[in-house]
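Every chain is named by a letter (A, B, C, D, E and F) in the order it is written, and numbering of its residues begins at 1.
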Amino acid sequence: MTLHQPNKSLALLNSKAPYANNAGKDALDIALVFGSFEQATALFFQGDGVYQLMQGQDGDIISVKDYLKTFSAFEFYDIEDVYVCQQSLIERGLASDFHIEQVQVLNQHDFASKLTTHSTILRF
Amino acid sequence: MTLHQPNKSLALLNSKAPYANNAGKDALDIALVFGSFEQATALFFQGDGVYQLMQGQDGDIISVKDYLKTFSAFEFYDIEDVYVCQQSLIERGLASDFHIEQVQVLNQHDFASKLTTHSTILRF
Amino acid sequence: MTTLHIVRQSAFTTSDFAQCLQTVKDSDCIVFTDDGCYNLTHPCIKQLSVQVELKAIIEHVNARAINLTNTKATTITMNELVALTFQTDRVITWQ
Amino acid sequence: MTTLHIVRQSAFTTSDFAQCLQTVKDSDCIVFTDDGCYNLTHPCIKQLSVQVELKAIIEHVNARAINLTNTKATTITMNELVALTFQTDRVITWQ
Amino acid sequence: MNKLAVVITTPPYSNLIITALNYIEAALHSDIELIGVFFYQDGVLNANSKVQLASDEFQTIKRWQALHEQYHLPLHLCITAAEKRGMSDENDADNLIHPAFTISGLGELVELSTSADRLVQF
Amino acid sequence: MNKLAVVITTPPYSNLIITALNYIEAALHSDIELIGVFFYQDGVLNANSKVQLASDEFQTIKRWQALHEQYHLPLHLCITAAEKRGMSDENDADNLIHPAFTISGLGELVELSTSADRLVQF
């Protein structure tokens, strides 16, 4: 594709819990569009953003359309890089029980290093 | 006035710094209207809200209409009760250099006690 | 004379709940709604030295898969929150 | 390969700056804008063990009457922020 | 009968508004008298009649309108806050404010505050 | 020449938007090529042509329009985000979207992201 630039890649840094606002959904929409244009895209979860990955959630209970289910489509869009900040999990007393498979838990140093390999970073 | 109820009073709890958003201005507008209707109204400043009281600020520098100047009209509207949380000042390393006269600095216990004497509390 | 505190934000993200804790008194009631429900697992809840009731809206807890096992909180319905509004003397919404 | 961090929120109110500090590396540059300028007086800035440059937009500091005397920060103009955008390799806005 | 008034400062595209609506519906179904709702700050965006949501999303705007029609619930809009957000009350085709909402000012908040036994903010 | 693109997610009635506008003006006056601005989330409200501000307040909306006219700066509006906030692109009297803004989708963000050397969010 003409848009393809091998040295460019996008990181989406998610910092918000899933249901109170639409930030997570807004980031997801960007990820899927970049994926469909074959742009290298990675997702990072830090702070309350880590709640987006936890198993057993169900937005339907509070009348919120549950965009978290769409995470299972990542492989279809060639989105393979999903990273979560270990320290954020520990602070919240959360185990690594994620609702998708390919999540990689990184310590603070590795999370920062991986994030800053990307040329463009948008935070939601 | 028919609206007057001796047992009712409004507390406006300010928690936001002055310039980034309009929360402080929105609370001020309520205070002035309640004052003009001769309703008992008190202003409380906690957290980053305490920055609204600090001397030497000037929103004009960043093109923000400086509503803080209107605080000097409190006496005209019979708004006499202005309280600031001492702990919030200490946390921010701020001295009691306020741009209006009648500010009362209260410790955490007294701030909470004074706040909860009011029948209605709105927080901005 | 007691106060009902409605807490709607995560203490991991904003200082709203920390400010609530500065204000809360014996016999007050704190109701966690929305992302405020995450606060039941926040370390600062253990700092509460006063005797307050901790409650959370059941749907908001369940949607977020929050485990209340090691907390002192009970779950309530929205109808119960409406009733609490008049069982207490005033309301502060921390949002 | 360095990162420009634009910090726009008060660390007294939100966790954005705390998350920035988890991510910052040697030789990065942090620019405080808007309420982010208050962070220059926040205790967490002393936790910075890495060597980073601290800068703040001069008008944003002056409008808020923030005293930079006991800080390591220097003030810059908006033109300098634009230049920094290209002197570093990427930008993260913490807002 | 206990009298309740509600102040809404949450915009319609935040899911926090669903909690406010559920609270109000619970109050309407109880033995409390809900004397009115006052929309302020970003809350005024709830009166925007042109908001288009996907059909499978929560229909916030329609639910306010239904509450007004079904229970004659007074919905007071702070017009200053509304104009600041692009919603005028000019009587022409551009009028975005749904007729279920009454054009008001902060004086109405004084009225609600003095008449109600409890004023709750969402 | 260095190429810059900007993503705006801040609404016009937040004073944070003034910082974004000042940054963009500084970029336009420098030796950088500003290839476009993309409006997303609450940032789409900046395209609302009906916003009425007090004359002594900062005229955010007018300044976007002036930047477009003076520098031919492309202003891309994410239409999905705009519709969710009550701004439709129907070609009638209800059209609130100022003509300085181009109706776009997230595909345009891909284009900006791949073409620019830096993408900055405000």
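What we mean here is this: contacts are C-beta pairs under 8 Å (C-beta built on N, C-alpha and C of every residue); 3 or more make two chains touch, one makes a residue touch a chain.
It should be emphasised that the depicted structure is a prediction, and the values quoted were computed from it without experimental measurement.
Minimum number of contact steps separating subunit A from subunit B: 2. Common neighbours of subunit D and subunit F under the contact definition above: A, B. Chain centres here are means of the Cα atoms, and by that rule the chain farthest away from subunit B is A.
Distance from the centre of subunit E peaks at D, each centre being the average of the chain's Cα atoms. Interface comparison, B-C against C-E: more C-beta pairs in contact at C-E. Note on chain placement: the centre of subunit A and the centre of subunit E lie 34 Å apart, centres being C-alpha means. Each chain gets a centre from the mean of its Cα atoms; for subunit B and subunit E, those two points are 26 Å apart.
Multi-chain contact residues of subunit A (touching two or more other chains): 15, 19-20, 22, 47-48, 62, 64, 120, 123. Annotation for subunit D: residues touching 2 or more other chains are 8, 12-13, 15, 34, 60, 90-91, 93, 95. Residue positions of subunit E touching 2 or more other chains, listed in rising order: 13, 15-16, 19, 118-119, 121. All chain pairs that touch, listed by label, are A-C, A-D, A-E, A-F, B-C, B-D, B-E, B-F, C-D, C-E, D-F, E-F. Every residue of subunit D that touches subunit F in the complex is listed here, in rising order: 6, 8, 33-34, 57, 60, 77-79, 81-83, 85-86, 90-91, 93, 95.
Those residues of subunit B whose C-beta lies close enough to touch subunit D in the complex are 15-20, 47-48, 51, 54-62, 64, 91-93. Every residue of subunit F that touches subunit A in the complex is listed here, in rising order: 7, 40-41, 80-81, 105-107, 109-111, 113-114, 118-119, 121. For subunit A in complex with subunit F, the residues that touch the partner chain are 3-5, 8, 10, 22-23, 26, 29-30, 33-34, 37, 39, 120, 122-123. Interface residues of subunit B facing subunit C in the complex, by the touch rule stated above, are 13, 15, 46-48, 85, 87, 108, 111-113, 115-116, 118-121, 123.
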